[in-house]
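Single-structure report; data block below.
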Amino acid sequence: MADKLLTIEHLKKSYGDNLILKDFNLTVNRGEVVVIIGPSGCGKSTLLRCINGLEEIQGGEIKLYGEKIDRNKKNIAEIRQKIGMVFQSYELFPHKTVLQNIILAPIKVQKRSKSDVIKEAEYLLEKVGLSDKRDVYPRQLSGGQKQRVAIVRALCMHPEIMLFDEVTAALDPEMVREVLDTILELAKQGRTMIVVTHEMSFARAVSDRVLFLDKGEIIEEDIPEKIFDNPKTERARRFFHTFEYDAVKNHTDTLNRKV
Amino acid sequence: MKKFKRIFAVLTAVMMIVAVAAGCSDTSSNAYNTSKKTVYRTLDEIKESGTVKIGVFSDKNPFGYVDENGEYQGYDVYFAKRLAKDLGVKAEYVSTEAANRIEYLQTGKVDIILANFTVTDERKEEVDFALPYMSVSLGVVSPDKKVIKSLNDIKDGDEVIVISGTTAETYLTENHPDIKLKKFDAYAQAKTALENGEGAAWANDNTEVIAYALQNKGYTVGIPSLGSKDTIAPAVSKGNKTLLNWINNEIKALGKEKFFHKNYEKTLADTYGKDYEEQLVVESGKVKK
Amino acid sequence: MQALGIDVLLKGNNFIRLIDGLCTALRISLVSVIFSIVFGIVFGIVMTYKNTVIRVVSRVYLEIVRIMPQMVLLFIVFFGTTRMFGLNLDAELASIIVFTFWGTAEMGDLVRGAVSNIPKHQYESSYALGLNKAQTYFYIVIPQTLRRLIPLSINLVTRMIKTTSLVMMIGVVEALKVTQQIIEANRMTAPNAAFGLYLTVFILYFLACWPISLLASYLEKKWSA
């Protein structure tokens, strides 16, 4: 039987009168990669923030291995250590070097030995191809490099689950690839992840399961092949259509004729 | 100054409220009140402590100033030294400003103020003055070639130089509205104006004009004393009877040895010359009319 | 030399007295600045809390400091405490209290500004790493705030040093007061000494402040490299 890592039951989240998530249910098994897609404002980022206890929730329960996630409880900082989160805007600490960014929490929060943590950080940096950036400050990095450091920083805490919140949305196109490759590599290692993204082909490649979210509800949920190639709902079909374009020019073979 | 006092009063009230809120007023103010301690130190308490705290000016040459060795000097300080000696204690000088002399006495941070402190009715409400040891009034200085010896010497068309905001300006405006005034904002401007002959005479505090005539050849103080005389006296905290009486007796006793004349010759003669000694010095606390 | 009044400075202990006065001024302002920075950081962070009571109290405090001339504060602390509680504060201590009271308000306001300028996401990414609130402030918020504060607090130090001349009102003899004393003591023999003396004081102040601003620009460069 599948090993239930994260369970969300009847989650309700609103900002004042604005209901973002209504009666949301989700179970993520160990080793599973769940990709969440949907139009902006559908509640996908809010969902990740709720899972990490960054938002007050108005109803329902979120549990990690049966332990309730409640941002007002004392153990929230402990639970958060088991959840790695990577933000769209990287949010590296600007006053610390790359290495210092990575080793801060493992040393100060998990009280691990400094030399072990540094060894691990160096190993992870090498894997994402940033060994030479060990001692530079974040402002000297490109967006893609920053995002890879942010991923390493989260990984170094040995989280049970990783949350990726539109991590390529702020990147120049040529940097998207290097970040997504890093995430693909994590998927290969069998890590549990929830990925919010707009990169459809990446979603198809990385995921075990895709959720299509709209107005705070799961409209469709399926394996990637089915949901992308054969969406059951009209809403999903329309959404996927926004990523395709019909040609407006009639292409004849003019370019070849010259040869 | 009035406004300043109002702000101060309001703030004291605010601080009181804060203190009450903090709950610390209970202990401290009660302790303060029940012990019925006065702010000032009595004569015996001063003698017992071995030092008398005297507030003097540190930058008003020749009354109270500090010399190049860091020692207090001047007419006020000369007297202060004698007071301490006759009390049989050491003198501790506190540098005061014109604006804080009353505060120092009212909070008992000094025992005596000897800082060119002019006696006024307003100040008598706040502190107790002892007998005077000096007297000042207004004076008029004019060029040697045409000395103004009385206000009657000023002819129509003549102007008298004054500095705006001084007692001289107020006195002449109120008592001799017929005299035309030429007003300046600063000492230096008034000085230049007199030297350029822009006025027939210059009216100011008599100590100022006397010192001026002494330093500048060709000028004479024709009227050394004009208007009402102001006296300068030591002051103590209101109600400090024992110290006040002692100082008064001391001043009377010092009259026998002509102490303040000696003091004048030592400290003021360089600035004001010997001619005005009788004008300025008050001996035994008796002001000559 | 005579025209500038420099010779007056060389008489007796005059120069030593001037240096002594300068040390008093620097001691008061530096001690006050150190306390102001420490208390200001705490006060500034407290001010970022959205609690009504805290807001009202800090508003009142800031307004008092803003409206009240420093001289009035000096009088209140030096004379007022004696009137009300019979406390007899040392004049220099009273000065430090007043300057710290003033500096804490200014620093607090600067800190509040700097703290609220730190993006919400910095807190969140720190929380997401499992740091608690105290650790987040200690390792993430305060270090970033301090870096933003350096140029602003140097400005405060300079203004404080300038304002120390007010402490003569409660009997503290600092550099400017010594200067006035020297000028007055020699007003007969060297009536034009004022210019030279003030020039000297200016140079002394400059020499004292120079290392401070050097340190500041060194730190600024180091942290932005």
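Going in written order, the chains are labelled A, B and C, and every chain counts its residues from 1.
Methods note: a residue touches a chain if its C-beta (ideal position, glycine included) is under 8 Å from a C-beta of that chain, and two chains touch if they have at least 3 such contacts.
Note that the coordinates shown come from a computational prediction; the quantities given were computed from them, not determined experimentally.
**Student:** Taking the mean of each chain's Cα atoms, which chain ends up nearest the overall Cα mean?
**Tutor:** Smallest offset from the overall C-alpha mean is found for C.
**Student:** By mean C-alpha position, what chain is farthest away from chain C?
**Tutor:** With centres defined by C-alpha atoms, farthest from chain C sits A.
**Student:** Out of every possible chain pairing, name the one holding the most C-beta contact pairs.
**Tutor:** B-C
**Student:** Can you compute the centre-to-centre distance for chain A and chain C, using the mean CA position of each chain? Integer Å is fine.
**Tutor:** Roughly 48 Å, centre to centre.
**Student:** Measuring centre to centre with CA averages, how many angstrom lie between chain A and chain B?
**Tutor:** 81
**Student:** Distance between chain B and chain C based on Cα centroids, please, to the nearest Å.
**Tutor:** The answer is 34 Å.
**Student:** Touching chain C in the complex: which residues of chain A?
**Tutor:** 52-54, 77-78, 80-81, 83-85, 87, 89, 91-95, 104-105, 108-110, 137, 150, 153-154, 157
**Student:** What residues on chain B touch chain C, complex-wise?
**Tutor:** Result: residues 4, 7-8, 11-12, 14-16, 19, 28-29, 31-32, 37, 39, 58-61, 65-70, 73, 94-97, 99-100, 103-104, 106-109, 215, 270-271 of chain B touch chain C.
**Student:** In the complex formed with chain A, which residues of chain C make contact?
**Tutor:** Those residues of chain C that touch chain A are 119, 121-122, 124-132, 135, 139-140, 143-144, 147, 223, 225.
**Student:** Please name which positions on chain C make contact with chain B in the complex.
**Tutor:** Per the stated touch rule, the residues are 11-14, 17, 64, 68, 72, 75-76, 79-80, 82-88, 168-171, 173, 177, 180-185, 187-188.
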